[in-house]
Amino acid sequence: MPDEIKPEAPKPEAAKPEAPKAEAPKAEAAVKPEAPKAEAAAPKPAAPPKAPPVAPAPWEGDLVTHMKNRFGAAILEASTFLGQNYFLVDATRIEEICFYLRDDQKFDMLADLTAVDYPKKEKRFEVVYQLYSFPRNERLRLKAPVAENESISTAVNVWKTANWLEREAYDMFGINFAGHPDLRRILLPEGWQGFPLRKDHHILTQDDQWVRENLNIESGQ
Amino acid sequence: MTEAETVYRPHPEDHTFLDSNEIVINMGPQHPSTHGVLRVVLRLDGEKIIGSECVIGYLHRGVEKIAENRTYVQFNPYVDRMDYAAAVSNSLGYCEAIEKIMSVVAPPRAQYVRVILTELNRIASHLLWLGTHALDIGALTPLFYCFREREEILKIFENYCGARLTTHSFRIGGLQYETYDGFEKQVNVFCDDFLHKVDEYETLLTGNRIWLQRTKGIGVISAEDCIQYGVTGPVLRGSGVKWDIRKAMPYCCYPDFEFDIPTGQNGDTFDRYIVRMEEMRQAVRIIKQAVAKIPDGPIMAKIPKVIKPPVGEIYHSIEAPKGELGYLVVSDNSTQPYRVRVRPPSFVNLSALDIMIRGHLVADVVAVIGTIDIVLGEVDR
Amino acid sequence: MPSTAQILDWLTIAKPYIIMGLVVAVWPLVSGYIVLMERKVMADMQVRLGPMRVGPHGLLQPIADALKLLIKEDIIPARVDKWVFWFAPVIPVLTALTAFAVLPFSQRYFVAELNVGVIFILAMTSIGVLGIMLGGWASNSSYPLLGALRSTAQLVSYEVAMGFAVVAAVMVAGSLDMVNIVKHQQASGVWFIFYQPIGFFIYLVAAMAETNRAPFDMPEAESELVAGFMTEYSGFRWALYFLAEYSNIFVVCSIATTLFFGGWLRPFPNVAWLNFLDWAPAVMLVGVGAGCLYLAGKQLSAANKIGMGVLGAAIIAVGLAFGVPMVIDYVSGPFWFLFKVAVMIYMFMWARFTFPRYRYDQLMQLGWKWMIPLGMANLLVTGVLILVKMQYWSAK
Amino acid sequence: MSLFRKLFLVDLIEGMKVTFGYQNPKYIYTEQYPKERPPVSERYRGAPRLNINPENGETLCIACDLCALACPENLIVVGWQRGGPDGKTGKKTLTNFTYDISRCMFCGLCEDACPTDALELTQDFEMANYSREGAIWDRQALEEGPRPTQYKE
């Protein structure tokens, strides 16, 4: 990501009641001072053809400094996008990072844990942790890239929420969470083939197979 | 070994007095009080729960996969079908998430109407919860009173957008429908009547000694456990954490309204009941304020015909009746979302069921399932 | 050609058999109507209409239900104990119907005047639970088993409390014979509920618990145990359990009426200026008939209008017939008895649709920690009072 | 809770008062549906209808296919042909229009998309049918309105 944008202090995600009421369409938003980030991003040519008004910007702040001091190279990226901060971290040290964030930085709740599949990237999956801190009233996103046959260590020991959420991520993406006490499918039946939320999983495959076996017809669609 | 016994995996904390007394029973997926198709495999010592295992997914429709195959606009009706008891809240969360990533803000009038409908929906959802919860504990009658009031809300929805349950009432950027003539009046009349009705429910339940015995000290969960398990919504507030996203990280036009966040102390079923009852009153309060100062103006922001949000990802969460409902939307600047992740409050809250029912009796399982207020459409998605 | 005296003689001999036959033949229908009454009362309390489709105002619903249950397939699950499963539902019906034998519908109408009537009924209702136990056990399934276990425990606990309440009333009456108990109330001119309010309360609670009615309906708590001991039953066998349940309700309400509400007596039987109450049956029936006629106007289809109208007219005619002094002499006893029983049954329903359900252990606690000590105390106080009264009388 | 309330079961009696009070028939809230027909709101999204121009009896549909594109469930199929003599040029005219109400979730997106108010979700809510095929409506059914399988007395 280009770095010439003015860094912004980490700001907790909040509604913008003071945001301009008359909304500019997207193209104009780049010119209008709608959000400070948009203004900063304006002169910069972005990758997609239609210049998007917003793009992730590097994020600096106490938390980033602490994290970088403590984990160094394990923090691959610290950015902010539309007021939401996230770290891209090394998956091998995820449990350590989680413990640090929970105990020292008071991110005491894991709101959500999921994954996103980017088949074209070198490390295919991005496990996304959505943290929330009650004392700081602040959200933080952790993203840890994991390759298809790698495993990432579980966060169950840090937050018990992770138990079911990791099971769901396993169920949908086939990501292996090492050390999870009970890693098996949760939403889909035990005998299910494949991992449906992967981009290469076509929704009809399973259906067609089932229909062929059980109803003796070619396709259910 | 029965099938249920194979499903149940012993928990390290399981212990029994005498092995010979154990039975493993299946509660659900067809059971009158598992609120749909939840299946809980219970290990019982007599009637005491010594372990439980939730089996979910019977209602899995792959909403997240559907999202990747629909345009942003087309996916909107599907979110209504997750928590079908609170379809409007789901829709609000989704629309706001997309608006956020597009850096669009809905016009004030649209926001006010959104708040009114969402709070009405919160009441409707809580009414459904109250009726079924009371029914689970054996009070047959409040269910019908609750449904009567809920019907009034559904009539407002029907008049407003033409559908009662899965309303599809909001659109990305604002509203599709302008309010109808007499909308404010109908809402006000409902609000005035409703406060008396809540008192009536309280007469039937709150003071009743049987109700107190059945709910006090049942399904206790501490604030620390709540946070550990990611439990949000009334369950968290029942445990004494004063946290409501409407206040903590306000969205829509909630900062414009005055309301309180009710909390409990003990984190038992009774506290959660009281919290939800009070939340209904607070919702009425918000609605009245919103109706009183609903501004004029457009109801739709200027958004492009084809919605193509910029590359990036956004997490937006709202306070749904069940808890924190979050949407993680990943966009690749195409017309279809790259990934939509729904953070379902019911799913996360349900994962705390096990610690809440351990050591209680079978009858309490029913009470605790009721008090978590799950909607299986959302748990399984 | 037998003389009139002979015929009367035969009738006296045949009367118990006639009543027996009548009870056995008509009872299932009557209990069907109790179910309808329950559904209607429930619907009214729950701002609903209740069954409205079959017949005018849904009045033929019990017949439709009975037919449906009779022609339903009799499903016997694979791994049940077949014979026990078959036979279990019969037991509670048998015992409940046997208990009818000593119920005095009036001074004239009863099957047997047993000098241990009260104990006989108590014995019969307790045997009834055997059917529930066996049914739950024979089903070979978890929920019925739990239901049966709960049922047994519940019966054991509440039988005791119920016994204490009944004994208190019996002490006041000085007789175990149901007919004599009522006669005693007639003599003293006051219902026993005024002597024994606490006894009646204990009896009411224990009776609800013993007939498995909400808020004590543990054995069949539908939101916990699906249908309790009846989970595996369907069709006719299930109907038998239901028949037994409603028969039991009728029986316990009859006992309450007999022990505490003066059986077939009208309110305050010895107060002369209340004699106009003797006409109450006629007036009430005419009132009900008029109500039917009013409802007839509200029916939506012509057939229902006519049906309701005819029914109303018939009820008015019967009511007018009751106005004839000779007839009223014969019918006022059963009328008051059934009326009081109906009010009691209504109380049961009212409680059922208002209260949440107790939990199993709380039920036990209520039984052992509150009802039984209360019953004992009540017994003690009653005994002392009777003793004092007797000494006072003898001193006089 | 005071001792008095506890001893004399006041809490229970208060509850019983509420349920007793509701026995008054004026509180009855339910309707006897097929005979009493509740009105549905003006905006009700029920059975779809293809509107025809009342003046000349021609369909309002211009076969633009926008509804089919808007539909999340892809249940609308618009059949059309060119009006010209060779069948390849000229104005598009509608030939057939199928709408599968068994898959419809009545979200109203097709209605919103329609530029001519031809496709409309009406107040008709009775769409019961004995077969799946019966739930796929062709142009004729859409123009004439639903023919539900009737409940007969």
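All chains are identified by letter, namely A, B, C and D, in their written order; residue positions are counted from 1 within each chain.
Heads up, the rule we're going with is that a contact is a pair of C-beta atoms (placed from the backbone, for glycine too) under 8 Å apart; a residue touches a chain by one contact, two chains touch by 3 or more.
Please read all numbers here as calculations on a predicted model, not as lab measurements.
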Number of steps on the shortest touching-chain route linking chain A and chain D: 2
Chain pair with the higher count of C-beta pairs in contact (C-D, A-B): A-B
From chain B, the most remote chain by mean C-alpha position: C
Chain closest to the middle [Cα centroid of all protein chains]: B
Chain centre separation in whole Å, for chain B relative to chain A (CA means): 24
Centroid spacing, where centroids are CA-atom means, of chain C and chain D in whole angstrom: 49
Distance from chain D to chain B - Cα centre to Cα centre, in angstrom: 27
Centroid distance [mean C-alpha coordinates] between chain C and chain A, Å: 66
Sites on chain C at which at least two other chains make contact: 45-48, 353-355
Shared-contact residues (touching 2 or more other chains) in chain D: 12, 15, 18-19, 22, 29
Touching two or more other chains - residue numbers and ranges from chain B: 141, 144-145, 148, 204-205, 208
Pairs of chains, among all present, that meet the touch criterion: A-B, B-C, B-D, C-D
Residues of chain B defined as touching chain D within the complex: 70, 73-78, 81, 141, 144-145, 148, 151, 155, 158-163, 166, 168, 176-177, 180, 200, 203-205, 207-209
Chain C to chain D touching residues, read off their complex: 41, 44-49, 52, 300-301, 350-351, 353-355
Chain D residues touching chain B - in the complex, by the definition given at the top: 1, 5-6, 11-12, 14-15, 18-19, 22, 29, 40-45, 70-72, 105-109, 112, 121
Of chain B, residues touching chain C in the complex: 23, 25-26, 31-33, 47, 134-141, 143-145, 148, 204-205, 208, 210-211, 213-214, 361-366
Of all residues in chain C, those that touch chain B in their complex: 42, 45-48, 142-143, 145-146, 214-215, 217, 221-226, 352-362
